[in-house]
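Structures incoming, each one as structure tokens.
Heads up, the next two complexes both have chain A, just with different partners, chain B and then chain C.
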Partner chain A sequence: MQVKLEDKSGVSVVFVKGDIDINTSPDIKKFFDELIKDRKEKVVINLGDVSYVDSSGLATFVEILKKLRSYGGKLKLTNLSSKVRGLFEITKLTKLFDIFDEETAAIGSFQSGS
Partner chain B sequence: MEERETVIEVTDLVKKFGDRTVLNGVNLKISKGETFVIMGGSGCGKSTLLRHIIGNLKPTSGKVCLLGTDITGLEGAQLDEIRKKIGMSFQSSALFDSMTVGENVSLPLREHTVLEKNIIDIMVTMKLELVGLRGFEDLMPSEISGGMKKRVGLARAIAMDPQIIFYDEPTAGLDPIMAAVIDRLIVDLSRKLSITSVVVTHDMKSVMGIADRIAMLHEGKVLEVGTPEEIRNSANQTVRQFINGSFDGPISFFQQKDDYLEQLTG
Partner chain C sequence: MTEALRTKLQITNDSRLLKKASRELIDILKDRGIGEETLFDVQAGFEEALRNAMLHGNRLHPDKKVIVETEITFEQVTISVEDEGEGFDPDSLPDPTLEENLLKESGRGIYLIRHLMDRVRYENGGRRVVMTKYLKKRL
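Then we have the complex of A and B:
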């Protein structure tokens, strides 16, 4: 699994590539701990190159969201494959996360204040 | 029809305990995502077959492939690695009485992963929600009903996101409503999580309600494999006797031996 960070118009966009499972989700967690330490407030995770997320991965996203929210940060998810989106739906997490089809829409949502 | 990936393949499996042959050449193929029921009367060898499939018993001959790996000769760490990909729901629920519901569900995650407690706690909440028991985390097993214990056992079985779940007599000892709840849960989990389910049971109502395919095991052999409809319409007298629960038929309940009078009189 690979994780890459880019700043796009003041928004931290994190690209993840590979499966997010019990073996790799601790690495995702570590990566975001650094972002959270820097108090990044606008964060987008692009999951376009992720074909599978297990429940440890879903739980890791929930934990990241909780930490971001604790200081007023916001998290948006984008480019979920239908399989990954299905996993969010089963666990009712689509109600918890802001999910966008396109990265530009996710970034734009910060400007529009939603 | 699209050919689905085989996740369990049992080939010519024979198991002898001393002189007694419990499995006598079992052949089975179970596909990814299906709910496969192994049914048969008490002592027909179904639990022994299950124990071979999960690697708890070694066959006298034949082989078992689980998730593409021949596990027949595997031991220790190699077998444990495969076992992390399967979940097991036991007849007795097998909960630890000294642990809370939440601790029971989190046990495999604490034992087999390096995940942080916060993450594990969220996962436990998600698993308990799936079995309808969110909010019961802090109760002890002694404080919940038998049906709830089964559901906790199920939440623990799916804790590690298994590819296959094995259920050993999941509805045994439950009232009909709770049995229906467990049946529904098995089907729901299979469909929602795309898990392959292998269910060992002799509960006919349960069998017909949950199975995609059924194997009838009798005297250590697979008599027939088919959909519930095919099994219901089977011409095999042994299968018919079993599904109709008849006393009369090829399945004998008493050992008929000629030496009875001889034994009485010495």
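Then we have the complex of A and C:
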């Protein structure tokens, strides 16, 4: 699993590559703890290179969302494969997360205030 | 018609071995021409069951084991995952999709298994889950 951060017009875009599961979730948490320590308010996670997420991974997204929200930060998810998106739909996490098809739309949504 | 394949596997309670066991099963199904959608559901259901067994059943105890039995036929794969824990009542778990539970960080594993697999039952006081997925070939 690999995680990369890019700043795009003031938005922190995090690219994850590999599975997000019981073995890799702790590393993802650590990575986001740094972003959260820096009080990043606009965060996008690009999941285009993630083919599998287990319930540990879903729990990690919920934890990151809660931490960001605690200081007014916002999180958007983008480029989910149909199967990964299906997991969010089955668990109704689509009610909790803003999910976009394209990264540019996710970044643009911060400008439009949604 | 492909013959039935039965395997029994004893896995040490180490989450790194979870992925290995899952890959081995998925490779067998891939060789039998099973479609990607079905492979994903089997992988997710199996890994969630193993994760529950290691984490919640055996409570990550290094001396405890998980027993996995699989039966693959032309029509379906049946997987049994049994831990050495205290067991639990699967019907007592809260629904993780209810509004008040959405922000909770746990409780989705068993819910996912029930949705991804076609038949699921618990035995031996919740220590063993037996899951079946009907197999669909690649189009």
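Quick note on the criterion: the second predicted complex is superposed on the first by the 114 of 114 C-alpha atoms of A that agree within 3 Å, B and C clash if a C-alpha of one lies under 4 Å from a C-alpha of the other, contacts with A are read in each partner's own complex, and residues count from 1 in each chain.
Simple rule for what comes next: contacts are C-beta pairs under 8 Å (C-beta built on N, C-alpha and C of every residue); 3 or more make two chains touch, one makes a residue touch a chain.
If you're wondering where the values come from, they're calculated on a predicted model, not measured in any experiment.
Q: After lining both complexes up on chain A, report clash or fit for chain B versus chain C.
A: They clash.
Q: Of the two partner chains, chain B (first) and chain C (second), which one does A:56 touch, if any: first, second, both, or neither?
A: In the superposed model, A:56 contacts both chain B and chain C.
Q: Quick check on the superposed pair: does A:71 touch chain B, chain C, both, or neither? Answer first, second, both or neither.
A: It touches nothing on chain B or chain C.
Q: With both complexes overlaid on chain A, does A:96 touch chain B (first), chain C (second), both or neither?
A: So A:96 only meets chain C here.
Q: Counting only touches as set out at the top, which of chain B and chain C does A:26 meet: first, second, both, neither?
A: First partner only.
Q: Using the touch criterion from the header, give the chain among chain B and chain C with more contacted residues in chain A.
A: Tallying touched residues of chain A, the top partner is C.
Q: After superposing on chain A, which of these stretches of chain B ends up overlapping chain C: 37-45, 145-153, 217-225 or 235-243?
A: 145-153
Q: Would you mind listing the overlap between the chain B footprint and the chain C footprint on chain A?
A: The answer is residues 21-22, 54-56, 58-59, 62-63, 90-92 of chain A.
Q: Residue numbers of chain A touching chain C in their complex, please.
A: Answer in residue numbers: 19, 21-23, 52, 54-56, 58-59, 62-63, 66, 83, 87, 90-93, 95-96.
Q: Inside the complex, what are the residues of chain B that reach chain A?
A: Residues in contact with chain A: 109, 113-116, 118-120, 122-123, 126-127, 129-130, 160-161, 192-193.
Q: Quick check: in the complex, which residue numbers of chain C touch chain A?
A: My answer: residues 15-16, 18-19, 37, 40, 43-44, 47-48, 51, 55, 96-97, 99, 102-106, 108-109, 111-112, 115-116.
Q: Can you name the residues of chain A that touch chain B in the complex?
A: It comes out as residues 21-22, 25-26, 29, 54-56, 58-60, 62-63, 90-92.
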